[in-house]
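One chain, subunit A, appears in both complexes that follow, with subunit B as partner in the first and subunit C in the second.
Coming up: the complex of A and B.
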């Protein structure tokens, strides 16, 4: 196991080099002058030149790339010319909002999707067809459209839910030890802010859950049906176990491997772009909006930084999925 | 157990739905103005910030002089009086007594000196305002400073409006490794203005609160808080304004404006000229190097439709390079109107009878609706002349890079104007019309027809006398319009949409975002 972990973590090194190299090349071949953009369009030539030197853009490309890698080794992701802050600091500020949204989405997806999947696998055909049709129907709707419709109905028409952001007023939650708002409101004892924070999550989370619900339901159903045909299930039933225990204690547990694999991919889907659309519509202050703004401004360092972070997280999620197999099925060993 | 869980869930849900306290950012509070920004605030440092979000720092900081509300006239601010020497090289400022910064520091001549030092050393943002003109500053006594300039510059005194004074105390105390306290001022505010920082989350929200010890006092009606929310989606901004959770929008979609105008709870302010839009034509390369082709294109453009359809009548046709409201504007300038017959004649003269298979390209900024639509409008008109126009959408940074090189630039390019309302439009002409200017995308000054231009502009930029200088700028406009290096399309109105409870608003005729927050207040029914 230790060897497996070490190998997978070492694997991150070539991944980092490959991703940074590709991103570096792509950003640099775009014809543009980032020093001019950073200095502002009204800046004089002297101002632009000074900034070019400060940003290290006057050096040959290979030197710039090597310097970037050296910085990375020290944990320095460079500085954003737009926010004028170290990229690490920006990422620490913006990423938690995205991670919080993605995690809560996953939680809801599991809490709704797996029971619904189990229900469709074990119930009457009419219920199965109804649940599957509805969930597929919802998933077929584009996420951005659903987000706008939610906003129109639940904010504009009914006034039940807040339209945007993570919180009604930053004044409700003055301190941010983690920038995970749910966690922050608990840690800092601002329990009054908690319902407000949760309310703000309802629409973005619903829009994201809707986008993947049918897949989780179908995946669970298929995996469970497969297991329910196995001999051990018949044995369990023959021993006189209740249908509930057969399902939960035996069949579902064994069908979790494909489900967890699928969930890992959903997490990648969320972080790799789905969350971005929802962030834009709900002005959710996450890494998606930050990445979009950086790309629009051709802000080299944040573009490289966010790409790298997303890749590393994707690799780590897959690693966690692999590790989870050993718990789900003790026969699997690395 | 199950029943207990059900009760717990119900209570939690009910407390969520019933939760209505919004804290500081609540637009239903008569003392709070909630404002929407599309772009997040990049920095709170007034010496570094160069984008539109500087608007929100203006209520926090003062300069030596300022524009009188609603006018282009200067009035005393942190300086009570000023004098310019006869040769135009020395500015003497008498400073206001009894002014304190938000952190309690006293404003005096020494504070002015350290501010100019910092701007020059940082050489970012605000430095462009005085770059090449400012020479040095001398402290005469506690209440007097003298600024020496390198050459007479009529625009210099106006530039000082945007040179904001930060606290010398914070500067000294928060300095880290010779950074000019840049890290601290990036996320903190210490000025002399009527508002100071309550909190800032760069990702979502900025809140300013009134500074009780402000030197102008708080008599009359004023706001207690100004809250700026980052809302990227215009549709969301509109919904929030309509339900009363937002007080002010500064860049509405023009197609939403009629709906706002029909809403009694909402007031639309418009009319003040904001920015013009040029379609620049490459005067050095390709078919547009021929002035007859350029004139044919200028005659082909459908100005009336651009104003009425693309801008919903929230604009007027642009007459020449600068806004008609500018004192240097020439009201007698020739103005092109659509005349397709004339355009056909000119094309035939230039060797393209019936269009003659002429193919042109226009560069527009990716996803910028108005630029794309303008390109399409011209495309449709040119098609009637047998000329094919390809509209190419390009990312802004690439567009900027290629447009500055006559070899790489497209035949035509769309660009909006800056500084076209400045009382001394030296910065405008330098950027758009002088050789080497960042937006000099027509390269007209490098042609025979535009050869005089650089000289006239250089002379005008150092002429102190208003009448003589404006005469020079008028001459420059004549030369430009005669050479037809650009299609002068429309001149947009500045628009603010706010809830009708917001009072005291006036546009600045010179700066796009110079809203008079100190004079604004809300009158709730």
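Coming up: the complex of A and C.
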């Protein structure tokens, strides 16, 4: 078991190196010239040359790569051309917004998906098929399109929900201890800001939840059906327990194990791309928006930095999922 | 279910093939007198900021989407297939190395990698195809490997090797054709999701470029006018949705029938 853990953690190292290598290659394979881009249209050739030397682009590629790795080891991810800030500072600044969005989405997914899954596993076939078909239909919706539809209906047409951002300008919180707006509004005592923050979250979170709901429902249903076939369920029923208690107290608890481990994958999907488009549409100031703006500006240090960070987070989450599986199911031993 | 899904998919493919016949207008021709007209009898989906008929653009967009889906699928399956088959057949060290490599690519959150590749190669449909292929081959490598591992033990393989066939022939003429069932079903579902991914890249500006009527690009163009001309974003998005649903259902049905057939 410890050996398994050690192997998995050790695997992180080649993966991280490979990730840095691949992102480095990607951003150096570009047809455009970063020095030219950084200098701007009106710069003369000498200035471009100077900038090229400053950026270290005149050195051979492997030297550039080594320098980049050295920088990473120091915690220096380079600086963004667009924001003129160190990439690390930008990432730290924008990450809480994305994390908040992702966490709330996961919460809602669990709160809605698991009961729905349990429902489909235990009711009549017609209800089961109906709920499943609707869920599949919802997942087929392109997330960015759904987000736009929400924005159109709930903001433009109904004016029920705010269109953009995390918080309205009147509600700006003066102090941000955690940068997690929900927590901040509670911690600083400005409870009035809380509904505002939550309202701003409704549309982005809904668009993200819709993308994964069917999968959670399907997983829960399958896992629950599997559990309900087990012997101990028959025993519980024979003991005279109500169906409700059998379900809630026994079957559901055991079926949660595969579901919980799946949550890691959902998080990966979220962080791996879904949040990007949602942040773009709702101008949510998170990593996704930062990455997209950097991509559009061909700003390479942030692109490399965010790709690296998101990938490493993704790998760590998968690792945690694997580890958690061994804890949740004592019968699994490696 | 199978019938519905098949009809839907056939309709999509048909609209791509028959685009010149189905589209009432040239997708690129502008008509400034008719700008921003809502859906009506003359323009089923309305017109955009340049007066171009949206219905024609969406119909022609089917061609682009299907092209993307097809090419990415073929490339991904080829790369993944070769890697997975070789890994599954030879086993041992070869298997370990190839699977480690696959795991490393698996570690990448897909859209980020696709975006990074598309960003550095430059916008454009060809680069989007390259970017998506680079990301999409990994599950196929695993799938093929799994299939090969189970088929490999069967007797006809042993017979083929005993007769003296080269490894290459055994792999590609005997083992592979027997692996195709579940992979084919998965591939069908994937077409829909590849198209969705391509549309997402287009939406972010990394796929097909204007004036090309790719669906994601159309949704992005329409976003500017969302408040006043909702149809510009709505209909292309609907097209994406129907395509994904069609191919997912078809793939799902194929999967069920091939597994329990």
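Descriptive notes on the structure:
Following the convention adopted for this analysis, the second predicted complex is superposed on the first by the 312 of 334 C-alpha atoms of A that agree within 3 Å, B and C clash if a C-alpha of one lies under 4 Å from a C-alpha of the other, contacts with A are read in each partner's own complex, and residues count from 1 in each chain.
Basically, a contact is a pair of C-beta atoms (placed from the backbone, for glycine too) under 8 Å apart; a residue touches a chain by one contact, two chains touch by 3 or more.
Everything numeric here is computed off the predicted structure, so don't read it as measured data.
In the superposition on chain A, A:50 makes contact with subunit B only, not with subunit C.
Of the two partner chains placed around the shared chain by superposition, subunit B is the only one that A:42 touches, whereas subunit C remains out of contact. Touch criterion not met for A:75: it reaches neither subunit B nor subunit C.
Legend: residue contacts after superposition of the two complexes on their common chain; A:84 is shown touching subunit B, with no touch to subunit C. In the overlay built on the shared chain, the residue A:296 is in contact with subunit B and with subunit C.
Contact with subunit C, but none with subunit B, is seen for A:142 once the two complexes are overlaid on the shared chain. When both complexes are overlaid on chain A, the residue A:240 reaches neither subunit B nor subunit C. When the shared chain is aligned, subunit C comes close enough to touch A:277, but subunit B does not.
Touch criterion met: A:19 reaches subunit C, while subunit B stays clear of it. Across the superposed pair, subunit B and subunit C both touch subunit A at residues 30-32, 148, 151-152, 156, 280-281, 296, 298. Residues 30-34, 36-37, 39-44, 46-47, 50-51, 82-85, 93-94, 97, 148, 151-152, 155-156, 159-160, 163-166, 168-172, 174, 192, 195-196, 198-199, 280-283, 285-286, 289-290, 293, 296-298 of subunit A are the ones that touch subunit B when the two sit in their complex.
Within the complex, the subunit A residues that touch subunit C are 11, 14-15, 18-19, 22-23, 26-32, 136-137, 140-145, 148-149, 151-152, 156, 268-269, 271-274, 276-277, 280-281, 291-292, 295-296, 298, 300, 303, 306-307, 310-311, 314-315, 318.
Those residues of subunit B lying in contact with subunit A across their complex are 12, 15-17, 19, 21-26, 39-40, 42-43, 48, 50-51, 123-125, 127-128, 131-132, 182, 186, 198-199, 201-205, 207, 227, 229-233, 235-236, 239-240, 242-243, 245, 395-398, 400-402, 408, 418, 427, 431, 438-439.
Subunit C meets subunit A in the complex at residues 100, 103-104, 107-117, 119-122, 192, 196, 199-200, 203-206, 216, 219, 223, 226-227, 230, 233-234, 237, 240-241, 244-245, 248-249.
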